[in-house]
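After this come two complexes, each holding chain A, first together with chain B and then together with chain C.
Up next, the complex of A and B:
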């Protein structure tokens, strides 16, 4: 073996060892920060199908079109309900802010023909009767919890970090969450939600994810309430990322037109 | 077959046949079928309403244009079949401008269940305030322009054809109480307004939907939707007794300006709305007013709050009407105060809703209490059971104290 090859091999080995050490040294907080700041594109649009299933296996299906734009310090999201027929034409808009300001939320009800501002204070409310609260559907900033790396574990052949997050706000609806984060792409794969008594309440499982236009995107997820034995499956289809969504999409005009 | 039934049958056939024919052209068909049965709680427990409804919405949205047609059919066991158009309009979309032409419902303001700046679409009060609000509001044939600049909207409405409030028939249980000392003679010679430029109405609205607050500024120059009852008394000069009464309904122009706002404060949303009316007419007993009416300006305003407590959505509003430069002989009070309350909660993941809405009239100590339970049997099919209780003996709600009713609605949306 030539001397140059030995030196090069040694450098590669050292770099690899160094990477292993640096990853191993990541704290729970650092991992959750990386998850939070994982690039997701400037805008995303697609169709959501939400399947609500009770313990008898009966299903109710809600379909809606969703548009999200990230404007730096503000994220704007608008949803247009497509079915079932009695909620068709309803639209919901949310503006969330990075600076800790409360979200702004509006709902347009076609029967009332009026856009109504609603309180965003009840993030613990369940979204459209699903097992997801409004808070579950948003990105929770890592500053709001204390994080602890519990262990590393392999799920379905995927090495994961297992992180316990305890809320700083004692009145938060969950006493803690435990998240499995895939080591290779830092995408969350599974999460457990514990109620105020410390009992397991819900499990969130990611069933399908893909890289679309260079961004990891969750395409199918399931939230199961283990205490009440019902679940909600959300499928995200026809996903387009960074295709450009005009700012006029996030206005009263758009809400009232239902598109 | 009667003509009306023939038209209705044609409407049904059209509704059933067209969706297949035009589904490929992306014309959207939706609507509902509903049975609504109400029973008076007080003896002799008559049916207050038995109504079968077919409501169809036909819509098409293209890039620059759209249209909507919303015919409806009401079938009653004791009335003639009613076929009507709730809305029928064309839309044209430009970069920052929308133009809507045709019969349309136009809704303004932030108040719920009360009408302060919400003055463009008149009301169908044939069943008092009990129907759903999209059935209470009557579409107006008009031209509406909306100019947009971000979340700022400037709206102008021109209504060439005046549409009044639709009042209950004389034999309806919802006919308002009139306190005439003797049976009057009605003179309808001034109750119709000829459609035309001279009798057209104008409205304008500027609205902002921003982070932290929403507000609207509105104005209008229009005919007040409720008629003023000009009364002529015939008195026997020798006995000084009332021998005749002629009531002449007439619609008068008013100018209105006002606004509304909505502000989130923590877990609460604070709402407010107010309007100043110039040129309203009020009934009076003043001997100085020979036709028993007097022109006054008035304020109408409300403040309300929405919040959620233990999963229950709660809302309260206080509404006040104030007659400026008040005179003692006016029938209405100088200040008329009303409150509304709403409590609503869902169960079983939004399959079951329990709701209680109430109007409280503070001046006459009367109220309308409206509990209801809605159960979604399956997607799009709901069963609604409710009741309407009228408390008090006079006032806006107390006058109907014999009309307490329980009802059931079965509704399938498609």
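Up next, the complex of A and C:
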């Protein structure tokens, strides 16, 4: 029996080691796929605070209520400005489609009492004067890049994979990105964006994340453009996931109601 | 024995001078550098500059290079549009430019609207290749006031690309690179023009020194020839020129060793040293020749001893006074001017020491032969001079009257004098750069810019329609001026958006009625346009905005005309608690010129006072002091007066030229008065004394004037107008100093009976 126990113990140990190895042997691509397919809720709502800070240290602070619903091939998002006071009631709606169709976007200006469609522009455009491009805010499919696991590193006491992703499309706005993915939950913790010349352009840092309703949710994130010395902080509060949002929320009429 | 010892000393002097020269030449070779960055000239702590620099940082205000593509058959064709795209993309890649600050039809945002919505997109990405697409582009441009007339000329034959410099260092190699690069796009159909302040500055930095390099050798050769004709001796000419040369080399060598860069005004130092240094050599040989003529049997050593001894007092007095005069420039707020004063003073000290040491040593070792020993010739010469002197003394009243008249006319000229900070005006009116500038100005808003910065301490002030309307009328009124092309600010975005959001109805091309609508339009722009553009016109807190005016010229008159119109809104703007200031390189240049001139005027007055005091102390007579300062005053007055009358604007270089008046004026009067003073002791009557002085000092002064005037007259043939002006003004200053000393000062000195008491 003793022998058996030892053998069993050894086997468990070997399996454990083997598992460790197999996890370690995950390729960069596999990790990025896991990150991409990390489950997220079908709908999310909450308050969003966006702080833009320029190199003079001046800040622009905007508070919005945000609703997002994922309907499979369509993601609908609507945002209502709460402050500053002079834009209160302004709303912005975005429908994005999988499969390459251009986004539809609307804006409602209460001072004009009219809803207007606006051009979606390209994925490389910066979102609302922030340091995030539309592309940075969305999920980029792992097929679009070549991934390489560079190393493993511990940041703020959190063991991470460090993965370098190089776009297959040479004309992409970044020449490469380097992502730190936490080993335990496969949530991205930090990302560096390099410009066309290969110089560091921006750094994305996740400051706060929580599991809400069973889903890992980022609650505070910061994007810093190191070349322009400009940064954007986005904070989410009162986040509710899978609480159900009526589809009437994502209509032009809803926009003009201001909530 | 004595002879040997003296010779040994002479060799020692030669060796020391040689060693010193080697030391300074090494310094020049190793450390000398030209300062071409004009920002380095500005006093960094002056409030106007401090403010402008901060504002430039806030709004990313930069000097832009303007590249214009002209196609006489119309710019809307595939090839020309391709060139606009290629040049734009290439400029974005160049390190020297801010890739986010290249404006062209290719990068411009086209804000368009319809009943359906609003779109902000580019005019074209891939170059339109068929008639329909091109027509569509043409229509879009024509409908967009933010582009039409700004990036595409109204006659549709010229497109403009404006590239902001990444930093202000503009080197000559970069200049060449830009010219080569843009010109590679030129073809039979497409003519390329390059303009803008950096190009003007770059060409200036290239053309001025290049022209000087060509002209200076001719000036020097001519001076050598004339000097030889007058002195009749190769050796004397060599020694004199050597003194001038070495004093310049030592001065620049010291500058290099002290790691002080060569500023553009520093190039005036050799001009001063030539004008003054040549005189020093002439005085020495004049004395030497005089001694030999009187004592043909004496040895060379005796002659040298005599000359050196006789020259020491007046020369040291003259050098000391001139040095003090130049040191008064240290009161200037502008560092290049301070250095100019300091190092010219050093150069004069060197010239003085070399004249007192090197020339005697050189003459002793190399020898000196009096070519013309025929005394009768000299006698005729002298008799003639006596006649002129007597004629002048007899006709003192007409001379006074004549000078009175000249001074009066000069005063009229003085009131007309104007300052010009323009770089463009330094070029000939038919030069390429001026023609290009005029061309771009005729097709577009203007090649020069003036920034008006409005600032409040209340956030969101610039979302208030009332204030935006005030700014709009400020822009409209100022744009009416012929000197102002167009203007650009936050109001232009808002008017355009208001129109677009109201189905392109032209009656909505105005400031929105409520501040909420303003805020919402701006938010909309941020969401759909390039928010980077807004940072150039307004800050995050909406309490600071930048209004850019495009001007047709960079000269002080144009800038001041625009400023006058803008200033008429000051009270109204300030009544809203908003401060108004100016920024940009054109404005800085204006302030800088004012600063230089204010400093220049005050330092001239200061040096006049110092010189007057020194003269009074040195001659121990207030009368002699006052009389001695007459040539300086006359020269300075006429110099400025003529500039006013001939409409020559004051600039950094022309203003500095007045120092020549002081340097030369002092020199002439001190030598003349000192010689007269000793003459009174040696001769029976003051009449004889004045005759003697006129013969001896008068001749030296005449020689010096002839040499320098002929030399600098060469510059009149320069292709670079500032160098022409320089030549003319140096020649004129030399001439008036010479005339002033030998006529009115001589008469006054004689009539005042000064120094007679001591006899």
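Going forward, the second predicted complex is superposed on the first by the 241 of 259 C-alpha atoms of A that agree within 3 Å, B and C clash if a C-alpha of one lies under 4 Å from a C-alpha of the other, contacts with A are read in each partner's own complex, and residues count from 1 in each chain.
Methods note: contacts are C-beta pairs under 8 Å (C-beta built on N, C-alpha and C of every residue); 3 or more make two chains touch, one makes a residue touch a chain.
What you see is a predicted model, and the numbers here were worked out from it, not measured in a lab.
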Clash or fit (per the criteria above) of chain B with chain C on chain A: clash
First (chain B), second (chain C), both or neither touched by A:84: both
First (chain B), second (chain C), both or neither touched by A:190: neither
First (chain B), second (chain C), both or neither touched by A:253: first
Chain B versus chain C as contact partner of A:113, first or second or both or neither: first
Contacts of A:126 with chain B and chain C, given as first, second, both or neither: both
Contact breadth on chain A, by residue count: chain C or chain B: B
Which superposed partner A:95 touches (first chain B, second chain C, both, neither): first
First (chain B), second (chain C), both or neither touched by A:60: both
Contacts of A:104 with chain B and chain C, given as first, second, both or neither: first
Clashing chain C stretch [against chain B; choices 150-158, 204-212, 348-356 or 456-464]: 456-464
Chain A positions touched by chain B in one structure and by chain C in the second: 52, 54, 60, 84, 86, 106, 111-112, 114, 116-119, 121, 125-126, 128-129
Sites on chain A touched by chain B in the complex: 52, 54, 60-61, 74, 83-86, 88, 95, 97, 101-102, 104, 106, 111-122, 125-126, 128-131, 230, 247-248, 251-253, 257, 259
Residue ranges of chain B touching chain A (in the complex, touch as defined): 30, 32, 61, 98, 105-107, 109-110, 132-134, 137, 146, 148, 150-151, 153, 207, 209, 211-212, 214, 262, 264, 266-269, 306-308, 311, 346, 349-351, 378-380, 382, 411, 413-414
Of all residues in chain A, those that touch chain C in their complex: 52, 54, 56, 58-60, 81, 84, 86-87, 90, 92, 105-107, 109-112, 114, 116-119, 121, 125-129
Chain A-facing residues of chain C, complex: 58, 116-121, 460, 463, 501, 512, 514-521, 523-524, 526-528, 530-532, 534-535, 539-541
